[in-house]
Each structure stands twice: as C-alpha cells, then as structure tokens.
Amino acid sequence: MYNFRTDLASERRDIYQKANNLNKIEGIETEKEEINENIKVERVKITNEEGEKAIGKPIGNYITIDINKLKIAQDEDIQKAAETLTTELVKIIDNHVDKQGEILVVGLGNLYVTPDALGPKVINEIDVTRHIIKYLPQYVEEGTRMVSAISPGVLGTTGIETVEILKGIVDNIHPKLVIVIDALASRSIERISSTVQLSDTGIVPGAGVGNTRSEISVKTLGIPVIAIGIPTVVETAVLVNDSLDLLIEKLQDEAKSNDYLNRLKEEDNYEEIKEALLPKDYNLIVTPKEIDDLIENMKDIVASGINGAM
Amino acid sequence: MYNFRTDLASERRDIYQKANNLNKIEGIETEKEEINENIKVERVKITNEEGEKAIGKPIGNYITIDINKLKIAQDEDIQKAAETLTTELVKIIDNHVDKQGEILVVGLGNLYVTPDALGPKVINEIDVTRHIIKYLPQYVEEGTRMVSAISPGVLGTTGIETVEILKGIVDNIHPKLVIVIDALASRSIERISSTVQLSDTGIVPGAGVGNTRSEISVKTLGIPVIAIGIPTVVETAVLVNDSLDLLIEKLQDEAKSNDYLNRLKEEDNYEEIKEALLPKDYNLIVTPKEIDDLIENMKDIVASGINGAM
Amino acid sequence: MYNFRTDLASERRDIYQKANNLNKIEGIETEKEEINENIKVERVKITNEEGEKAIGKPIGNYITIDINKLKIAQDEDIQKAAETLTTELVKIIDNHVDKQGEILVVGLGNLYVTPDALGPKVINEIDVTRHIIKYLPQYVEEGTRMVSAISPGVLGTTGIETVEILKGIVDNIHPKLVIVIDALASRSIERISSTVQLSDTGIVPGAGVGNTRSEISVKTLGIPVIAIGIPTVVETAVLVNDSLDLLIEKLQDEAKSNDYLNRLKEEDNYEEIKEALLPKDYNLIVTPKEIDDLIENMKDIVASGINGAM
Amino acid sequence: MYNFRTDLASERRDIYQKANNLNKIEGIETEKEEINENIKVERVKITNEEGEKAIGKPIGNYITIDINKLKIAQDEDIQKAAETLTTELVKIIDNHVDKQGEILVVGLGNLYVTPDALGPKVINEIDVTRHIIKYLPQYVEEGTRMVSAISPGVLGTTGIETVEILKGIVDNIHPKLVIVIDALASRSIERISSTVQLSDTGIVPGAGVGNTRSEISVKTLGIPVIAIGIPTVVETAVLVNDSLDLLIEKLQDEAKSNDYLNRLKEEDNYEEIKEALLPKDYNLIVTPKEIDDLIENMKDIVASGINGAM
C-alpha cells in the first residue's frame, strides 16, 4: 500500500486522486459544508472494498472538522466548534446505539507529554453519569444515558497494551459503544491541533508516529468504536518534503526551477529525505511552540463537544 | 464495632488496649524496630479471629513505617526511608508470590486533588517491564519480573467502581499479585504524609473519609493484594477531639481541670464534636498547608521503595 | 492590642463588639447588601482614629464579599461573584486614580503551594495592556488604561522582600495605583476560599500566618495600594478554639454543660490551646481537602472581577 | 550583518569561517575540551573589535557545553553535566566579582509554555541565601555569598519589558552580578535542550525567535550579566534549509545531484525558503515532541550547576 503518512481520510483521498490523476474514486463519497468562515466540515464515506483498498481505510464514515486560527480563537469560536462536533457526533452515535445505550469515553495518551496530553485532559472534563444512575438515580432525569470515562495511560508507563486494558473493562462493565480520543500525527504543520477527525471504524494508537499499537475497534472490543483523532505532531521528513514542494513551486513561479526540480516536485521524496535525515538524528517528531495553548483550546472543544452529544 | 477512625492497625491496637485497659490483645503480635533516629518500623500481625474481631482488621500483616520530619527531609532521609520500604515490601511479596510472579501496581486517587494525588504520581515513576519482556526480551535480564502499572482514576471522574476496572484488567492480563497505593485518612495530623502502612489484606478505597468504595482484595480480584496506605488528610472532628485531650491534659498539669473535664478526656467525644460541628459546615476534611511538598517527598519514597523491591 | 487572628475587618468589628458588649463602635460605619441568596456584600468604613484603634486596622474602606457554596458553584454563580467584585473594585479604584491612571496588578504567593497559589494564578489571566499601548497603540481604543501585572514570588524562593521588588518596579515604571492579591489566614474554616476582602489600605503579606513581611502600602510604595485578600488556610488552634465553643454550646443546649465550661466559652482560649498543641507539633496551618477546586473557582472570580474593572 | 540565525558563538564562528573560506578569524580564540564521551566543552573568546564585527557578538567569553543524548540521560550523566557547568560558571563569575559578591539569578520565560519554561523552573530550585543572611545569619556559615532569584515573567503576560523590572530590582537591592537563564532559538534541531551556552556579555531576550526585547547587560543594568542560554526551539525555515543540505549531500553521494542543486547547497537558502513557507503559515517555531522531558533534565543540570557554583 501507498505510504500516506496521514490518518486523515480526506488527505488520503486527495493524495490518491492526485497520484492517479483522478477526479473521483469509486467507493468514496464526499460532502463539504462551510459552517462559518473559520469552521469547515468534510464528510468522507467509504462505501465499498474498492474505496477501502484505494486509500487504505476500512468502510465507514470519516468526518473532518477544520478550525481555522485555533491558536487565537475566542470563546465564541471555541463554542461554535464544540457545537459542530456535537452535531456530527450525535449523528454518528445514533447510527450505532440507541439514545440510552451506555457509552465509555476513552482518552488515550500521556498527561506528562504536552502534545500527547489531549486524551487524558478531555477525560477529566467529561460529565460521567454511570455512578449517579447506579447509586443516586434520584439525582438524574429518567432516560439519562450512562456515561463513563477512563484514561488508561500509555504502553510505556503501564506496560500493558491499551486494548488489553479496555477489553478487560468492556467485558466487565458492558457499555454499548466506545468513544476513543487520540492525538494523531499530521501530514502538515498548519493542521496541528486545528483539525478533528471523527470516524466510526476505530483506531490504531500511535499509527501516525511509526509506533503502532494494537487496534481498538469492534474487532478487538466487540462493540462499535468511534474515534476522535486530533493531529498534534508532525515528522520532520514530512515537514521538509512538503516545504520542498513549496520552495520548488516558488522557484517555478520565478522561472528559477529546472527539469530536475520539477520532477522532484512531482515525486514524493519522503523516503529519500528521511534517509538523509536519519543518520544525523534529524528526523524528530516536532510540535509547534504554542502546543500548550493549542491543546488547552482543543480540550475545551472536544470535551464540550462530547458532553453536548450525551 | 468500635469506630476507630483510623486505617492504621497499630493505632487501632493502641486504642483498643487503652479502652479496655489491656497490655496485650489475644491474636495480635507486635514487633518494633528503630531503623535510625528518624525512621521507626512497627510490625503488627493479626493471627486469629479474636485479634481480627478486636480491632476490626482481617487476619494478616500490617507494617507501619514512621518517618519523622518528612517535610524537611534531606535526600539521604528519603533514600533511607525508601530502602526500609523496599526491605519490608520484599518480605511481604515473597510470602505471596515467587520471584518471577507478575505484579500489577495500582495507584488510586485523583491527580487533580493534591492530597489525593499520591497514587497517580507514584505510578508515573514505576519501572514497568511487562511490555519490554513481551516485545523486546533482549533488553532485559533473564528472570526479570513482569511489572505493569495503572492509575485507574476515581469513581467521581470515571463513573466506574475502581474494583470493576481492576477486575477487568486482572482477568485479562493475569498478574499474580496486585500492589495498591492509596491515600488514607489519618487519626492525627502529625502523621500526615509521614507514615506508610503496608498490609497484605487489601484495601477499601475511601474508607477513611466516610466515602466507602468496594473492597480491593483477594476476595474481589482473586489474587493477593498488598496495600500501601499513606495518611494525607484528617477530619476536623478527629482533630478537635485529639486537641481537646491535649488541652485538658495541659489544664490537669496546671491543676486547672475539674472532674467534668477529666471525664471528658477519658471518654471519646468524637461523635459529640461531630454533631456540634456539622450544622455549621465545620466538619471539613483538612490537610496541611505544605501538602504539595509532603506528597512530592512521599512519592519519591514510595516509588523508589517499590522499584527497589522489584 | 487584642489578638484578632483575622485579617477581615468585619470579623474584627464583631469580635470587638462582643468582647466589649457594644452595639456600635465609634469611628466605624457598616453597610450590608445582599446581592442574591448566595452572595453578600458588607462595607466597613473606618472613619477616625478611634475606629482604627478599636480594631487595629488603618482608616479606610474594607469590603467583604461572601460567596456561599463556592465549592459547588456553577458558571453563573462565578460570573455573578465576578461582577460583584468588579462593581466594588471600580468604586474603590475611582476613589484613588482617574479613569486612565496606570495600574500594576501584583499576585503574591507561591505557585507550587496549592493554598498559596491564588495570586500567581490570577496574574496569568490578567488582560495586560501596557505593552500594547506602548508598542502597538493602533490595536487598542484610545483612552484604554495601562495595565501591567507581576507575580514576584515569595521571600523563601527569591530571598528578597516582596516590597523591595515592588518598590524597584514602581520607581521604574511609575504606575498610579497597585492592586495586590494575597491569600490570607482565616478565622473560620467555612470562610476558606469563599470570601474576598477588598481594602484600600494596603497589605502585610503573611500577617495571618504569623510570618509577617514588610508592609505593601502607600507608605512603602508611595502610591495607593488596593488589597484583594482571600482566606485560604486556618491555624489548628483557631479551628479548635472555635470548635470548642460550638461543642460547649451544644452541651449547654443539652443542659450538660457546667460553670467551668460556660466560662471557657466566654473566654478566648486560643493561647491556651496553642500552648497545648505546640509541644506535639499539632498546631499546623491547614486547608480543606478540596483546596485545588476552590482556588480554581476563586481564580476565575478574581481574574474576571479585575479584568471587568479595567 | 550576516543573518546567523543562531545565538551560539561557536556556530557563528563556523558559519563565518565556511562562508569566507577561513581557518581562523582574527580576534577570535578557541579551545576545546572533551569531558567524557557524552560531554564536550568549547570556549570561544572574542578578543577585539575585528572578532566582534565578524560574528556579531560583543567582546567577551562564550562557553558551549554540549550534552549528548540528554533525552535518555541517566542520573550520572546529569550530575556530570551539572559539575561541568559549575566549573565553567565559577571561572566566569570569578572574573567579575569576588567570592562574596551578591548575585541575583534571573529565570526568563513563561512557565505555561513548555519550551519556554526552563528559566522559571530553574529559579524554583535555586538555593537562595539573601534572606537567611539578612534575618537569620546564625543559620549560615560566615562568608556565605548572598544569592537571590527571580522569575519576572514575559512581556506578553506582564506588559513590562523584563529589563525595566530587573533595572528596578537591581537599583533597589544592589547585587554585584546578575545571572540570566533564557531559552534560545537553535539553528539545528539536534541541539535542542542538549547545549548550554555560558557568556559574560548579557542577553537579548527573544532574539532567536525574531521577537527582540531590550538588552539585559552591563549597559542597561550597570553590573555584569552572565547569560546561560539553552536552545529549546527551531524555526521551520531553518530546519528545512539544513535538511535540504543533507538531502542534496545524499543525492551527491549517490551521483544523483546536478549543478543547480550543488549550487543550492553552497548557498544559504533560508530567506528563499522562508518566503516560500510564509504564505501558507508554514514557518512555525517548533520543538521536539519530548520537550517536557528535555526541559526537566535540563532544569536539573542548570539548577544544580548554578547551586554548585555559589
């Protein structure tokens, strides 16, 4: 399979179309909506195996919410983004469980690594109801959905695959659906902490950073898994590859390019760049300097988006 | 049963002996050791049902390590305390599993509530080996014990009883022993974050603060549970009750007391004080102003004490 | 002077009146207002030397805002409390500088000691304008007040008296007024982090915890100093003294008291209790277990109260 | 002046020599020492105006300590690095003040922005003595140097230029020397948080990130200023420029390059790349994903290096 180096289905579709000079891929449907000047939604649906094979993502729904200028977002922007997430989340949840079906929200990641702390931070803000419904039912309205939440830690600090922890909990408390929040690797630095991808096909933690863990999905847990993925880091080789294209484009504009460079731009030079950077320990995973604020704003959006959907 | 208002077996023994004018309780054996001028160890063994009934703790071992002046402890003091914990922990672990028996370390508590943050903070420092032995066995010596660690959160933020989470994990990854770290309520403010109690009879989270959760023990998990409990808070009524005794003692010394006060001192006035404080919302759970530093020092002791024992 | 053991002028007035069987003190005027069922404002004005001498506070204005049940406060409660603070703050600022007079906001305390972290946390939320007005005046409306903010640290970590740091800064940047935020010792545990005292007579840091630092006031800085003080800790002896009164009151209600106890209640036993507790290291400064959440809520109130007033 | 895009004198010297095909620059002396396989020291001395003009740094001493693999550094490595810093620091301090000359340590930066938090974190670990010598002289040995420490915040949150704050404090408490700790921009990502530059010519905060603040030096404060600078971030255009060189080098090795590329490599393409990236908001300042751990390790080295030198 093509190495897409992105977990976003919409980016993969674009890359595949460009590489194969297509306007449309069989088995992939797309729908775009502009919520306001700063928020855009794109819904990608993979409907059959052809689509699945083309972009290497399982049949299912992939919704991308792009939030412009999150770094300097005001309270209203954050609230609008949260409402957009709520709307999309409600639709995708309703596809899989009924209004009262118990939900377990899982925040992946490591609280002590800033660009990986989103999941645990969101969990701390989820309005859980499961214990109230069980022990103090008089305090909640009838028909309230049971919601529980956990931040299981990462393999490096627990020694346990996350899916093993979740499998144990799911088998013991029997929720009907799992929502997993995870930080992703991005293909482009401007997307960092400004894009949310919703999908109903589960997640492979660490996939984006070449550190693949066992899949968390209906296959491994036995119940549907909705994934909320947010890009927070980018690999240097990816960054350089994209920057090189921008540079050559500029040289072309200025008629300073040549055949060799033009060909360089047509090709994907990621592997070559990576090989050049590796011996110097240059191929680090990086994150913007302002990652603390970005994570804080994104936490507000995701937590309040999820709470709104419950 | 008598309301001991302490989770420490050694304190319960003292209270029971005093209340019943005894020098020794049938079915309870005691051994004291002074490690140095700042560190003392006391080993209480409950050997039969008589002892169990007297102080309301199950048959088993209870080891108290007292560390004097932890607030101003130097690095050597902390290291010595950690070594003492290691020594006691090794003995108690060896009683229950063999040298290679897999251990799961569990840190109870809430990272965002300072006096309740000890468990999660310790977990972050545990040297886990389970994933290395499974995926990169060439990096560890043969015979290394599998160690994993988890900080499952608290009922209020997860919506799930901790024992339900742990039961699921234990059933799925099959460790041979669990070590649980928990913050306890103390009977006396000077013991806060300066005492460690080790026991091999499990734990009831929140027991000390009148917020009892389901037991975590061999009964509920099916494997032995060693508990490491550290007092970090005290109830105002307990504090006032003890302070009242100190005040009357002083009045007696100065011949300013009277029969009524002397009798007050002989009795336990906790319930009466609690009833007097409750209507004014006075009966708060409190912690020393310096709790951040105390927790930090205690985290170093417990984490390094556990790592040393593995 | 009487040892009031409280920095709140309204509490001192009550204590003095009770001790001297007065209904009113010459030179002290009082005004109460109930904002809603959870928020009360009390304005104490010391108008002459007689009032000053009675309660040991300099001539000036002392406004207490009490916020009930802050621990479980909802967003609206916090906003209402912030608005109340803004209203009172605007009045007191207008007494001392004109609408454009530059203000320096100072957050006292230690970020790493939870009950002492309020000041530094508020500073991080203040909308400073001084640098924008100086370097990018086009981005602010004409007539905007210059606001700067600093969190100078505490003597124990800087080695410098706070007033020395502030004196240096004030002499160098020339603001017209200073607002100082400080954590106070409380006389009563239920007031912890639920009361704000505004005054225009400056502050003596650490005064409430027997750790007096040099005064921060018009006398030492040469410009008016408005203090915003919030009780966050209480001394054990104070707690026991007050609790003892509640206990004896209850005994009296049940006709179980006696002359001796009745007299104990009439007297102030603080010194006696303190002496009884000291030898056992019992006289700690304590704070409620929930101090993290209380500080977080209070930070929102004070920061947004100040920002609203600018 | 040439745009060196690095604050490290040793890097500037290399760049200047390469650009001008020199083996040595008049007015610049260099000395290298290998402490062990992981730690290297390089001492650059600018002795006259010619050297000053060549690399755009004032006459003075510039010492670079490189610590290899800090990310996975063990306790011994950190201690060795701290000792190396102590040795160099003692020499440079002794050049400027006598053994008892009072020192003020200043930690620049913003605690809430991870890659900028080093200064404030170090300040929290400095052993200050000034207040003890002033108020409790019996607790320190005679001849102990007065040390104070402050973390003044950043312009964006205080509204005040750091040099204005420091000028005020220095004029008020009269130290003999200032040590300033600051995060720098790096020219190369592998140097991030693994290099320390010591110099006795002061500092221009934010210089490395195109956000220049007023100089902190003997010129503005009136006393010598030793700067301890640690690179923690890198600009994307710098990263791409360097990566491009590595890529072309690899193409050259594989005989896949051409004249145009060879020329690209000889030239500095930073400005061109920056212009290509800017329109797409691509030219972010980035930091490695592991910045939290790097800052933590570097904090231990710098704090313990400074404490050792006092």
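By written order: A, B, C and D. Residues from 1 in each chain.
One rule holds for everything that comes next: a contact is a pair of C-beta atoms (placed from the backbone, for glycine too) under 8 Å apart; a residue touches a chain by one contact, two chains touch by 3 or more.
Bear in mind the structure is a predicted one, so any value in this text is a computation, not a measurement.
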Touching chain A and chain C alike: which chains?
B, D
Suppose chain centres are the mean of their C-alpha atoms. Which chain sits farthest from chain D?
B
Report the inter-chain centroid distance for chain B and chain D in whole angstrom, where each centroid is the mean of the CA atoms.
46
How many Å are there between the centre of chain A and the centre of chain D, using C-alpha atoms for each centre?
36
Let me have the rounded angstrom distance from the C-alpha centre of chain C over to the C-alpha centre of chain D, please.
41
At least two other chains touched by the same residue of chain B: list those residues.
112
Pairs of chains in contact (touch as defined earlier), listed by label
A-B, A-D, B-C, C-D
Touching residues (chain side chain D, partner chain C) in the complex
111-112, 123-124, 126, 128-132, 146-153, 155-161, 164-165, 167-173
Chain A to chain D touching residues, read off their complex
112-116, 188-190, 209, 233, 236-237, 239-240, 242-244, 246-247, 249-251, 258, 260-261, 269, 272-273, 275-277, 280-282, 284-293
